[in-house]
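Think of it as A, B and C in the order they're written, each chain with its own count starting at 1.
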Amino acid sequence: MASRRTHLALLGTVSLVGVLGIAACGGSDDSSSTNTGSDTTATDGGGGDVLAASDTGFSTGSPKAGGTYRIATPDLGFTGGFDPSAEYLGWAWGLQQQLLNRGLVGYRHIGGTAGTEPMPDLAESIPEPTEDGTVWTFKIKKGVKFSPPLNREVTTKDIVYAFERMATPSVGAQYPNYFTMIKGFKEMSDGKAKTISGIATPDDQTIVFTLTKATPDFPYRLAMPASAPIPPEVGKCHTKAGEYGRYQLGTGPYMIKGADKMNISSCDAQKPIPGFNPTDGITFVRNPNYDAATDSKEQREALPDVIDISVNTNEKDVFDKVQAGELEEAAGLSVPPEVARKYVGDDTLKDRFRSNPEDSTNYVTMNLAVAPFDDIHVRKALNYAVDKQAMQRAWGGKLYGDLTGHVIPPVLLDGDTSIDPYATENSAGDVEKAKEEMKQSAYDTNKDGICDAPQCKGIVYLNRNYGAYAKITPILTQNAAAIGLGLDVKELPTGPAYETLQTVKNQVPIATNARWGKDYPDATTFAVLFDGRNILPTGNTNYSLVGMTPEQAKKLGIAYPKTPIPSVDADIDKCNDTAGEDRIQCWKDFDTKLMTEVVPWVPYMNALHTNLLGPAVTKWEYDQDAGESALAHVAVDPSLQK
Amino acid sequence: MSTDSAPLLEVTDLRVHFPTADGVVKAVDGSTFTVRRGETLGVVGESGSGKSITFLTVMGLINRQSARISGSVRFEGREILDASADEMRGIRGARIGMIFQDPMTSLHPMHKVGDQIAEVVRTHTDKSKSEAHRMAVEALREVGIPSPETRARQYPHEFSGGMRQRAMIAMALVMKPSLLIADEPTTALDVTIQAQILELIDELKDQFNIGVVLVSHSLATIADVSENVMVMYAGRPAELGSRDEVFSDAQHPYTWGLLESVPRPDIRVERLVPIDGAPPSLITLPPGCAFGPRCPHARTECTAEVPELRDRGAGHADACILATEEKGRLRAARMKALGVTT
Amino acid sequence: MGRFIIRRLIWTVFIVLLVSVLTFLIFFVLPSGDPALRFAGKQPTAELIAQARANLGLDKSLPEQYWLFLKHLVTGDEYGWPGLGYSFHTRDAVLPELINRARVTGSIIIGGAALWMLIGVPVGVISALKRRTIWDRGLMGVCLFFVSAPVFWLALLSLLIFWKKLHWLPGTGYVAFAESPGQWFAHLILPWCVLALLYAAIYARIVRANMIDVVSEDYIRTAYAKGLSPRRVVMHHELKPALAPVVALFATDLGALVGGTIVTETVFNMQGLGNWLLIAANNNDLPVTMAVTIVVAAAVSLLTLVADVLLAAIDPRVRLQ
């Protein structure tokens, strides 16, 4: 499951599991993790067209260009109709960045930290900001053209238009909050201006962004697909939320099949591109205007002639077909445990099961404003008490997740996994240590390590009601009971569970229904969860209410606890202002402080993204940024296809 | 009335036994009677006395796999008890017509009345559709249904109860059979209609010179239209004779009971007396006379053996072991007790 | 009869309205989450949520929203008539997809229904005629099996056997008739069979019970007394009354299946209406939920009307009132 997808509140991912009764997650699995596959280097690849596989990639035989790469997914559950301005599904981002449209900044689209390093894509280079980090001037490459039927060269005005779309409320953009520091952006979205004053285009090749404050991670934000150029000729006809998805034209190596046949003479003449239909799937074919000379093989090899994504509602059928060579891959689905076990246990197959960090964290969130979690000792005690290994088993075992003891996923901290202040043997929990901690709490009146105040009983615990989530419920309930915390379980479907948790007034004391993944490969996308200034009455994602002030509590109509709630707002600002190595170190310190001085969560696992490669796949990479297959680097051997 | 000497239907010692998990049900256990052309045999008995089974057996409508059938049924001089299924189909509807208790349920609700009658013709002859239809209309006319052409095109639910039974009779007689078996033909009808139907059957009997079996649970029903009467009890005839004999000089205490429970114009009865008790189980019949347990005049000899049907002369037979004189005394005493004035 | 049909058509409109109101209310009353939230990104600011609500038309009052829905339904919208809006989930017009998916579901149901009638009725009749024989027991045993066998299991098993092992049939998915009638047929055989086996089993049991009831009717005794052959009795006297009630059942079942072949569609990977309803329900997709429930309600109501007319044609006692 795509990382972004899993923590979006209302995505329907229960359907097949529910209907078919096919358990999505099995029991424990002790087979060795395959984070880093064996890298078979392509020795005699097709005329230097093909790069060697990365550390996390896969390559076999002699990968060549050509063929059709076939993928099936149970539901094209795009959150914004695949409209780049609005789309928020990680998988869709991957398709747009790698196949359809080139933005100023891109990635290598490989696994590991090398895959999270911003690179110039449409831009000639990533500039250093000037004026104390508030002015960014980009030059774009010459000779990059939109696909047919447009056929014209891209100019910086097309990028301006993309930003203007995000500042147009009817378009329904879902992450303009990452660009509100551009001067004049808010004025336009509030309807007070017709353009964004902070974006200028001195000529067709130059674009200048003027920010209201220094934003060192600006290049990452520019890599998000909504900021890639959109031709106004077509885009202006489709300003209704999600509509442009079926009309989009881009500059990438592929286009949606049939895009070239679109009649763009007038808005009324435009009909949806036939190659994309939410019911049946989406087919990408080569964009004849794409010139590989303007791109780098490092970012896009674009080997298959066609990439075909079809909808298949039968999960078992999908994986049967992948194994049989009738499909190359599944998307939007986790590899079923029994299939994973079969592949991992077979030397000839194990390289075709891929497991990579999706840069997300699974956690128990505790509400700092509600007893007994308003006491840091209780929160620390629970960190000791939780059997993380059992929780990992609930998610399918080591193939599906790495254990963790802190908030930010390791890839975003340069691979650091050392932060673990509440380490226990085998991560199985330590009741004695937990009791030692509990003894220091006011809620343990007789100091025997068992929470015994009235507040320790009937604590509402919110969770989802299906799949691995439901398996977590008894584990946490039992672990909490060992230190006297009596949890009152409340299980809900995905949507209602999120809505309950995200409405501050509900004051949910403890929950495991939420997960979080990065938006772009920087720790700041996790820090927002603890920013006191982000607390909202509804749709709130600072579930622990870290940094809430008494004034905020009053405004929200909730009680402020006796113990003051710690704030990390200053730490977040400090890290956001730094860059490079210092920035990584700053986030590490921030994470350590969170886990030792604030303790809002019991983080227990960084989920792994699993992929199963069909027998005809000859080259494959993991895109660390999108948390999905890197279709820019895959290859297929048609002679092995069925 | 015609007096053909050869009987139309001659049933001798007919037994119909149904083996079941609980034992053998002796539905008919030694039935003997004859029916002649131009004559009506009235058959009377309580439900379960075997009267319906007897005539369904005659029709060959009892499943031979589920019943053990013995004895003899001669129809028009031929033994038909062992006739093949094909032969029986040729007889049913063509040579023997049968009508039933409830004309509402006995007619097919989804077929037109005329079609149902024509179907009989088409089954037994190779007459054309239109000829069959013409005959059906004619048959409806013969049973006194007004505007038969229109009626033939209607469905049973558009008919009144009496009309339906007339249509049933038309269907049974359309092939001009020699025997009509009417199984409780008036039970489901209004009292005013009952007499009309009985009259119609009687007229048709004379008109076509056919033999008629009129099955009823009530002596009153058959009294006016039967030449002969058979009273059945527990699968056997209790008394058999001409109508006048049976009505004026009944020999079996069961017949007495039936007579006493029926209002009759010639015998003024001040109160009607039902027969005490219930009919016996046909699986475990009482020893000896099956009516014994309900008979106010029973004595120990009655349980000794099953009484034979004995002819008392003039074709009047009964199955009671008591001496004729004693029965005369008992009968007289009963009449007196009831305050009957003759 | 004309007046009866007109009255029932008006009734159908009423039913559709009632179902749409109920669906609408259930959508908003049951706690299934705010559809706007998923269109407001991961860190939904109040403005973004408000904007998403406005985009989805959820900012208006409930009666106003329903009124707009009705207005579009009757007068059409930018995507044609009847106006069904666009999906919250796929951001695509509902109407064209409804038509596409109706073709898929229609193909499944019509073929399946034809098959189940062709199997179910003869099996029921044979069982009734051969009552208590080994034929009857055998057939009814098989029926009991198919009645109780989970459809998804049957579907998966049939795929395994006929596709994976024997390679007789192509795999899952739907091919439009216009594209290739042969492929359309080949892809639909298994779904038809799976659907037909369940219903054939149910219908066989019903037909058998009806037949046994009819066989003991007085008019069947009459038929035999008329000297008819057993064959003629069965064909001309027993079948019609035994099958008449099945017509009504058949129509209702067909209507219910319009939105009810969820499992068949999901397993055989056919993008039909049932599947769509499931996806819509899982995604708080109000316009799609409304569209499919309306179609199902209309289908059930209209097919019941057809059944009533048919029944009146078969059974003269039934009057259309």
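By our rule, a residue touches a chain if its C-beta (ideal position, glycine included) is under 8 Å from a C-beta of that chain, and two chains touch if they have at least 3 such contacts.
Since we're looking at a predicted model, the values are computed, not measured.
Student: Which pairing of chains accounts for the highest number of C-beta contacts?
Tutor: A-C
Student: Which chain has its Cα centroid closest to the overall Cα centroid?
Tutor: Given all protein C-alpha atoms shown, the central chain works out to be C.
Student: Roughly how far is chain A from chain C, going centre to centre by Cα mean, in whole Å?
Tutor: 39
Student: For chain A versus chain B, what separation do you get between their C-alpha means, in angstrom?
Tutor: 91
Student: What is the distance, in whole Å, between the centres of chain B and chain C, each centre taken as the mean of its C-alpha atoms?
Tutor: That pair's centroid distance is 54 Å.
Student: For chain C, which residues are in contact with chain A within the complex?
Tutor: 31-35, 37-49, 51-52, 54-56, 87, 89-92, 97, 100-101, 152, 156, 159, 164, 171-173, 262-263, 265-271, 275, 278-279, 282-284
Student: What part of chain A is in contact with chain C in the complex they form?
Tutor: Spelled out, the residues of chain A in touch with chain C are 4, 7-16, 19-21, 75-83, 86, 88, 169-170, 172, 174-177, 189, 240-243, 245-246, 277-280, 310-314, 316-317, 320-321, 326, 492-496, 498-499, 502, 519, 528, 534, 536-539, 541.
Student: Going by the contact rule set out above, which residues of chain C touch chain B in the complex?
Tutor: Residues 217-219, 221-229, 232, 236-237, 240-241, 244, 314-317.
Student: Residues of chain B touching chain C in their complex?
Tutor: The contact residues of chain B facing chain C are 59, 61, 89-94, 97-98, 100-102, 105-111, 119-120, 123-124, 155, 157, 168, 171-172.
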